[in-house]
């Protein structure tokens, strides 16, 4: 099966400072892949580059075999690459429903059925459909952000640290819903600091440190790797 | 070591003083060109002051004209209504302007107002000033203005004499600028302009330094404004309007280069030349200034000094 | 007393009309349009000139508004591009300085083409009586224009997809991008819309008193004051603040005279900035 997203030799820098150095990875259709690593490793930068929000200094990003690294962000969304940032970036003075509606902007005709789908997936959002997004709790905002991303029927969802600021109960619930999405066939690329969740949810994972891939392989294997256990799982 | 660093500045100041001092001779007997040269000095001095306020501490005071006018009107009104001599009232005008500027700065920093709001507040102050002058008609003669000839500032009434008095004021401004920038305040300014939050974290008292910059700058503005009042022979609200002072100062600094010693001077020369070239266009000159401002802000933001530094690879002050 | 109140409300509506444009453009990441009054003057003068040529007033008004809009469109696509390319404080400064320069460009041109112009839009019947109160027709027309404009604006922003898209770009430009919305095109739309609102404000000004080049800066300042008091990011707040300040203006003018009133208004703006920079009616976030 060929890769849905293939990144080859990507280099991204802020001014003179390189943040992503020569990263190559791939995500195949229907897979869930994790990118784990410490703070400042470059995960967000990597994701933003794939989404088209940052211009890389070098390397290629391929989506279904075609290069997307020159495209504007709004165009990558139209192609089906949707990015959900850690900061969520919701519209605070609009209702949950309006936020979701806008998520369907590039696929507006099918918004009603997508809305049903998302609200079934996140019943809590259905309850609060007329509430202002700015008044939701952290966990609900995260759900809304993911829900909004789903509205356009994406081919791949780039989730950046979805568990940020969430209570453990919410994190479990979120990953339950993500599993359901995976069952529906959604391709997911996930960046996480919550390593156990990330590794048990995904099939494969890449370890990003200091802008470069240090390790990669099957998530199961990485879970069992003693070094990973020491660095990320706090196991002595 | 230290002396060497400031040598460039001293030499520059000397050269500027000498060159400018020679201008009246170069101009021959033409009263017209002498007047233009004198105005050029005035605008250079305004620009030096604005350089301190905006160029170094990013406080967008869109009220230079109003500050100058506040000082000027205070001084002139005290002379005409209070029968005080100009040399006594000009310092009062300076202090008044400094106080105003300092208060604007203090309140803005305290309330954490960004550049935009400082701009709005000062713009509103310009309006308040304009309407106050018009409203206090008994004191200020409203739109018509006040004649300042024969009020006692004799030194500012002769052609050549005025030029040199005003040149002295300009040099004083430049010297104040130089001393300020080489003091600890100058270092603080650089840090603040670079990254205000980092400066605060590093222990720099951002409030005090910003207020200092605003006060000193405003004081200089007040001095120039008051001196100009007696030089020009009359004052009215238009003389100190936004379109008369602020836009000229902005263009001058954009042309010359903010945050530099020579910037206001070079910018002033360029602007004076430009003004003359544009004079035959009559009322269209405002349009030219507007276009120039837009073009400069977009393409030539760092000014002539920065461009010269790059070309000559010499650290021009 | 009631006559003063009515006058105040109408004046307030005109102020709101001007201020709403400022709020819309400020939502684009803090670009403060200091040339806003110039859009108004262009709209008003165009209308007045065409009425003077004998054109039907409604058509002339539409033409005036459209001309203001076209100017706004042109400005957005050309001169504001460098501001949009930057972000944060640099965008603030660039936007401010560029529009300041623009205001001088328009002023300079108008002064040159139409020196000493002072146009008024005259109506057939100067005033009429309602319940014993004499109302200037001009006031009624301005109120009507403003109310219709605001109702349409609100309906557009709340009800249509495009309106929601505009609100989304104003509330969170990054978030809008994540939904696949092209902020650039929306920005152009917002600037054009804002310029058209300003054009309407200019027509209102022409109806009330006279239009001249120098009105431009004055209109900008008033629009700024109202926008600041109402909250530069809140459209509802702008409407409320405009009416409020209009009423204050009317009563204060009656009791203490024009200059003092102006200072009171300006002082209100300064106080609001100092006490509640987000504006008196802004959302508590």
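A few points about this structure:
A, B and C label the chains in the order they appear, each numbered from 1.
Everything below uses one rule, namely that contacts are C-beta pairs under 8 Å (C-beta built on N, C-alpha and C of every residue); 3 or more make two chains touch, one makes a residue touch a chain.
All of these numbers come straight from a predicted model, not from anything done at the bench.
Common neighbours of chain A and chain B under the contact definition above: C. Centrality annotation: C (chain centre taken as mean Cα position, compared with the mean over all protein Cα atoms). Taking B-C and A-C together, the pair of chains sharing more C-beta contacts is B-C. The greatest centre-to-centre gap from chain A, using C-alpha centroids, is found for B. Computed from the mean C-alpha positions, the centre of chain A lies at a distance of 54 Å from the centre of chain B.
Separation between the centroids of chain B and chain C, computed from CA atoms only, is 32 Å.
Chain A and chain C have centres, each the mean of its CA atoms, that are 42 Å apart. Listed in rising order, the residues of chain B touching chain C in the complex are 60, 107, 111-117, 119-121, 123-125, 127-128, 131-132, 134-135, 242-243, 247, 250, 282-294, 297-298.
Residues 161, 164-165, 167-168, 171-172, 174-183, 283, 285 of chain C are the ones that touch chain A when the two sit in their complex.
Of all residues in chain C, those touching chain B in their complex are 30, 32, 79, 82, 89, 92-94, 96-98, 100-109, 111-112, 115, 217, 221, 224-225, 228, 258-260, 262-263, 266-267, 269-270, 273-274, 277. Interface residues of chain A facing chain C in the complex, by the touch rule stated above, are 53, 72-74, 77-78, 82-85, 89-94, 98, 101-103, 105-106, 108, 134, 148-149, 152.
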